[in-house]
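See below for the structure under consideration.
Note that the chains are named A, B, C, D and E in the order they appear, and that numbering of residues resets to 1 at the start of each chain.
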Amino acid sequence: EKSRPESVRIGYLEGDLHQLAFYIAQEKGFYTDEGLNVTAVPFSNGGAVMAAFETPPATRSIDISYLGFAPALYHRFNNPAANIKVLASVNVNGSALIVRDDDSIQTAADLAGLKIAVPARHNMQDFILAMILDQGGLTHDDLGEIIVMGPSDMIIALQNGNIDGYIAWEPHNVKGTTVTIGGKYLYTSSDVWSNHPCCVIASHEDFIDADPETVQKVINVHYRATEWILDHWEEAKSIAMEKMNLSAEQATEAMANIGYVYSNDLTQMTAFVDKLVELNPDVSLDSEYIPSEITTSTQFIDYFVDGSYLAALD
Amino acid sequence: MEIESLSNRKSTQYLIKLGYLLLSFLVFIGVWALFVVIINEGMNNGIRVLPSPFEVFQTFFHLLVTRIDGNNLLDHVGASLFRVLLGVLYAFFIGVPLGVIIGSSPLFDRILRPMLELLRPIPPIAWIPMAIITFGLGILSSSFVIFVGAFFPIFQNAYDGVHRSNQVYADVARSLGATKVDIALEITLPAIIPNILTGLKVSFGVGWMCVIAAEMMGIDVNIGGIGYFINYMKDVGNYANMMAGMLMIAIVGLGINGIFELIERYILRWTPKKQTEEV
Amino acid sequence: MLDINIESKQFQTPQKTTKEVLSQIHFKLSDHDFISIIGPSGCGKTTLLRILAGFDDDFVGEIESSDHNRATRKFSRLGNIGYVPQDFSLFPWLTVEDNIKFGLRIKKYSKDDQTDITTRLLRLVEMEEFRKYYPKDISGGMKQKIAICRAIASNPASNLIVMDEPFSALDAQTRNSIQNDLLHIWHEQHLTIVFVTHNIDEAVFLSNKVIVLGKDPANIQKIESINLPHPRDRTSTEFNSIRKELLTFL
Amino acid sequence: MEIESLSNRKSTQYLIKLGYLLLSFLVFIGVWALFVVIINEGMNNGIRVLPSPFEVFQTFFHLLVTRIDGNNLLDHVGASLFRVLLGVLYAFFIGVPLGVIIGSSPLFDRILRPMLELLRPIPPIAWIPMAIITFGLGILSSSFVIFVGAFFPIFQNAYDGVHRSNQVYADVARSLGATKVDIALEITLPAIIPNILTGLKVSFGVGWMCVIAAEMMGIDVNIGGIGYFINYMKDVGNYANMMAGMLMIAIVGLGINGIFELIERYILRWTPKKQTEEV
Amino acid sequence: MLDINIESKQFQTPQKTTKEVLSQIHFKLSDHDFISIIGPSGCGKTTLLRILAGFDDDFVGEIESSDHNRATRKFSRLGNIGYVPQDFSLFPWLTVEDNIKFGLRIKKYSKDDQTDITTRLLRLVEMEEFRKYYPKDISGGMKQKIAICRAIASNPASNLIVMDEPFSALDAQTRNSIQNDLLHIWHEQHLTIVFVTHNIDEAVFLSNKVIVLGKDPANIQKIESINLPHPRDRTSTEFNSIRKELLTFL
């Protein structure tokens, strides 16, 4: 239909099985089908994605990105330049707390005094960790130490005994449970909150204003890719195995933990904001960076999540 | 009267110097503030992304006492310094003897030096991934990376020192009855001390650079360190904290330089004065 | 005392060719001799001196010590020859005092002896007050005096001292006074001295034998004995006729 | 016959040198292999974490032609080199004039140098987060970080060069009728060329180090670069690729050194030979 | 030609005190004079020479150029005084040839003139074959010859050349031959020369006037006129009596 493909720069997290839709869309040529020429920009965590959104327009390096809902929220509340909107959901569930396979660690209460790694502070997994701790009547402060590192390093660190456990996205959880690494699932995120929001697609307001057509195309592709995963589970699994260096067993187990979605569950998202505010002293609806007329989480989600592109799916 | 006018002149000169320093500092703050304005107003349409110098100073003092995730700025910078110290220490105790041995033995020189020359061009930072997968995320990894960075300057300086140390000193010592061991201890060693000091200084600089890179990549699961801190603050979007961390780095760097200058002034009191200096 | 017979001394050049620097150097060194070696710049004076001092035994020929009845090239490895090198001679990391003490310390003299000898020598060259100075802080002439003190402090068993252009950097006045000091010490301690210089005047003023070297390779052009009594008068006719004669060999 | 024996001796010496180099290389491979065995057997209970030297060489040649995610090793290393070059170029064109100006003007010296001294102790790598948030993820950021690293060595060397350049040369030139401009162009400039070259060499080293750190932190969304490559390969657990990347870094580093040596040998043909060298 | 009246010249020491280096230096410099300045090391010879050459006008006193009927301290800023400094004098980044050409190039002589003058001078000092050498590759004596060539090449309008211990590092033979060269050039080009040395012999051999400086601060101890004809005989009685006399002032 169009002669020259539209260029768009899409951020994603390196080796994140949650964002399989992005990998599938690339692999299957869905973007090309929509007439898009995609530059894929890898990031190590959602915070780094947000930092990229926050750079001045002239030097901003991404237009749209896959990232966790938590860093998107956290930055939106705390950084004046984080003017993004959430456009679609990517997955629910899919995180887990892996600890060393040791009888002394059985419940959330046993985490007191342990060294736990997270991919970034105030990201999705850090937030889930807070919820897990809450179940055991603990907070972050009760941990021996909370350490930030890339998910691939967590596996090395667990094997070397540098940490007692970690919380990450799949497939890094399942990778930590091999015999040599010696970890076990303590909680999956769905254990503490079934069908919690996780990764989303967000874009900067500047870009949404400037090029809504491209935004629509990206959402179209995301929808198509997500549907494709659900319809072609085994084929999707084999692509995941290849892209993320997994065995069939690992891929099966990891994907079982993830709910691939595209539509926004506004009720859950509102609950997310409530819990975030409750567990995080840094986050408040009073933030000077959001419009002053917003006073409740429902109002905020209404403002922050732009469902119009999903609604316009063809 | 003569003396008084002299002391007057001295204190005047002192005041002038101080004035210039102050002026320089003001220019510095001015340039910084201008930069912030350009970035915020010019490039970000008035959104306050970068904090003002004043905010950074305020945050800096706040962070000296306030703990974030259990550590304040001093804890972080202390952890970084410790890593550097350890790595440099290893480099010293391996680099100096190796430099002296390879520098004085043509056989070792021929066999070992080409091997070292092959390893030298790999920057220490390129060893970070390797260190992580072999030594895990702990002090072993971080000090290994710093060791790699610190080793070559120390080794090379010791080596050069031995090579260039004047044959004549050894001759004279021999004429005065010194044995080989005497010469090694009483001539070679003191003669290469300036070189070793230079090597140490460079090593500290490189080590300081490496530790920040390594910490940014999360090489050590214990206290993050100042490099970890500033990268972390970037990721969570707290740029005032990030810049306060950079300020801390600058201050510690200045401190290290100052200490080295004092050490040099004492240990090298027998060397002729350098030409330049004086601010 | 010493029988010097150097057939040839070669160096390897950076281009990996060899170059003969000394050729057919034969002379005798007797007890209490004061021999001066003169010759053009770069001819091989330092090389010869280093061989005499035993720092270099990579040459063809022999140096025999006649009085001890032993023949060896390495006679000086025992550390019994004093050496005042051409340049950079004081250990810069030691004070004036510690420079003089160096040999005494190596030879394990008692602390008291070390101090006594050092003080006596410093007094002799009028430099007591500079004891604690580092070499960088004293003038060229002073450095040379200290280098000489260091060479004689531990009293080389052979009483032999070799000196390589020790006064080259000094002004006339300092040079004259230190020449007299040297003659004094030479006489006092009954030393044997081999002295390299490029100053004919100095050679004639100081020594009882002058060896004139030629160049490429250095060989002996002339050995001149000087029998004038000390102190010598530089303006006397004999003095000047010897200078004139030596000049013709250069 | 004389000449023949000489040329014979020459070729023998050449052979001996070659032999030593070979021996050195074998020792190197041996040490490496031993290290791999220790890590794999001793620390990882026989699980082959680290690849053998042979595997690494094989992978290296494979990656020279095979693209991963669209780029082969040469693409990556080329991208890194380009970033370094750009940063060093900026540093050169800003550092040299600034060094000369501040070095020759006491006023500028007093006002600008303290400011620079305050910035100097912040390692370039500590600027990476700052660069990312102000300049984004692109060539602007990466060359800014390298610029910061390359600036100080070049500036300092130019500055020192001017300071130490001999007053006597200027006097002589004046006695021969040279004006101030003549002196700046005909005396100061050639006199500081050795310093500037030294500065450039150090800058390249620092820049090479910075680019690897910056790429590891994903500073540039275009071709990742060799630093990105080795870190990425660590993350996906392909350690043979990772080490092939390190080998590439070593080779390029050796190449850069070689080029600098050639340039120095030509430009500095008027300076006395250095004492050491010769392998 | 020049009337030198320096009342006082002070330096600031590193301890921020002042130190008087020159005091009451009064003498006249006439056309075709060859004046030698001698004095102990560090007394202030180089300082005096730099003032004469106009590199330093921070002193109390005046230097008047009598024949041009103008009084100025900065007479030499016109670049009409040749200067042969004490050390490191050749531009190391230029070849021998380009060193000599430097002044000619600055003064915009034609290419041909530059080549002609350089060739003539190189021939005079017998160094034609070293044209393309860099300073590091020629010996000390050769360097000094080139420094002198460079100073006279562009023929300073004043015909005045000041030289600061130009021969201090040379061996006797080279020194003697280059002294004769210098006298030859001096005569040939009708130059006026001010020559610093610490060698009395050299001063007496070369100059028609010897100025002896004292120390702390440097002041004139003696101005000795020497009227012996050239070439002078160093072994003659007159020569030596002058030497002896000068020695007493040091």
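Operating definition for what follows: a residue touches a chain if its C-beta (ideal position, glycine included) is under 8 Å from a C-beta of that chain, and two chains touch if they have at least 3 such contacts.
Note that this is a predicted model, so its numbers are computed, not measured.
The chain with its Cα centroid farthest from the Cα centroid of subunit E is A.
Looking at which of A-D and A-B shares more C-beta pairs in contact, the answer is the pair A-B. Between the Cα centres of subunit A and subunit C there is a gap of 84 Å.
We define each chain's centre as the mean of its Cα atoms; on that basis subunit A and subunit B are separated by 39 Å. With each centre defined as the average position of its C-alpha atoms, the distance from subunit B to subunit E rounds to 49 Å. Residue positions of subunit A with contacts to 2 or more other chains are 48, 51, 54-56, 58-59, 150.
The multi-chain contact residues of subunit E, meaning those touching 2 or more other chains, do not exist; every residue touches at most one other chain. For subunit D, the set of residues that touch two or more other chains comprises 129, 132-134, 234.
Listing the residues of subunit B that touch subunit A in their complex gives 39, 43-45, 47-49, 69-70, 132-133, 135-138, 217-218, 221-222, 224, 228, 232, 234-239.
Residue ranges on subunit B touching subunit C, taken from their complex, read 166, 168-169, 171-178, 182, 186-187, 190-191, 193, 269-272. Interface residues of subunit A facing subunit D in the complex, by the touch rule stated above, are 9, 14-15, 39, 41-44, 48, 51-52, 54-56, 58-62, 150, 152, 180, 244-245. Of all residues in subunit C, those touching subunit E in their complex are 38-42, 139-141, 170-174, 176, 198-201, 234-235, 240-241, 243-244, 247, 250. Contact residues on subunit A toward subunit B in their complex (touch as defined above): 45, 47-48, 50-51, 54-59, 74-75, 78-83, 115, 117, 120-122, 140-141, 145-150, 153, 156-157, 159-163.
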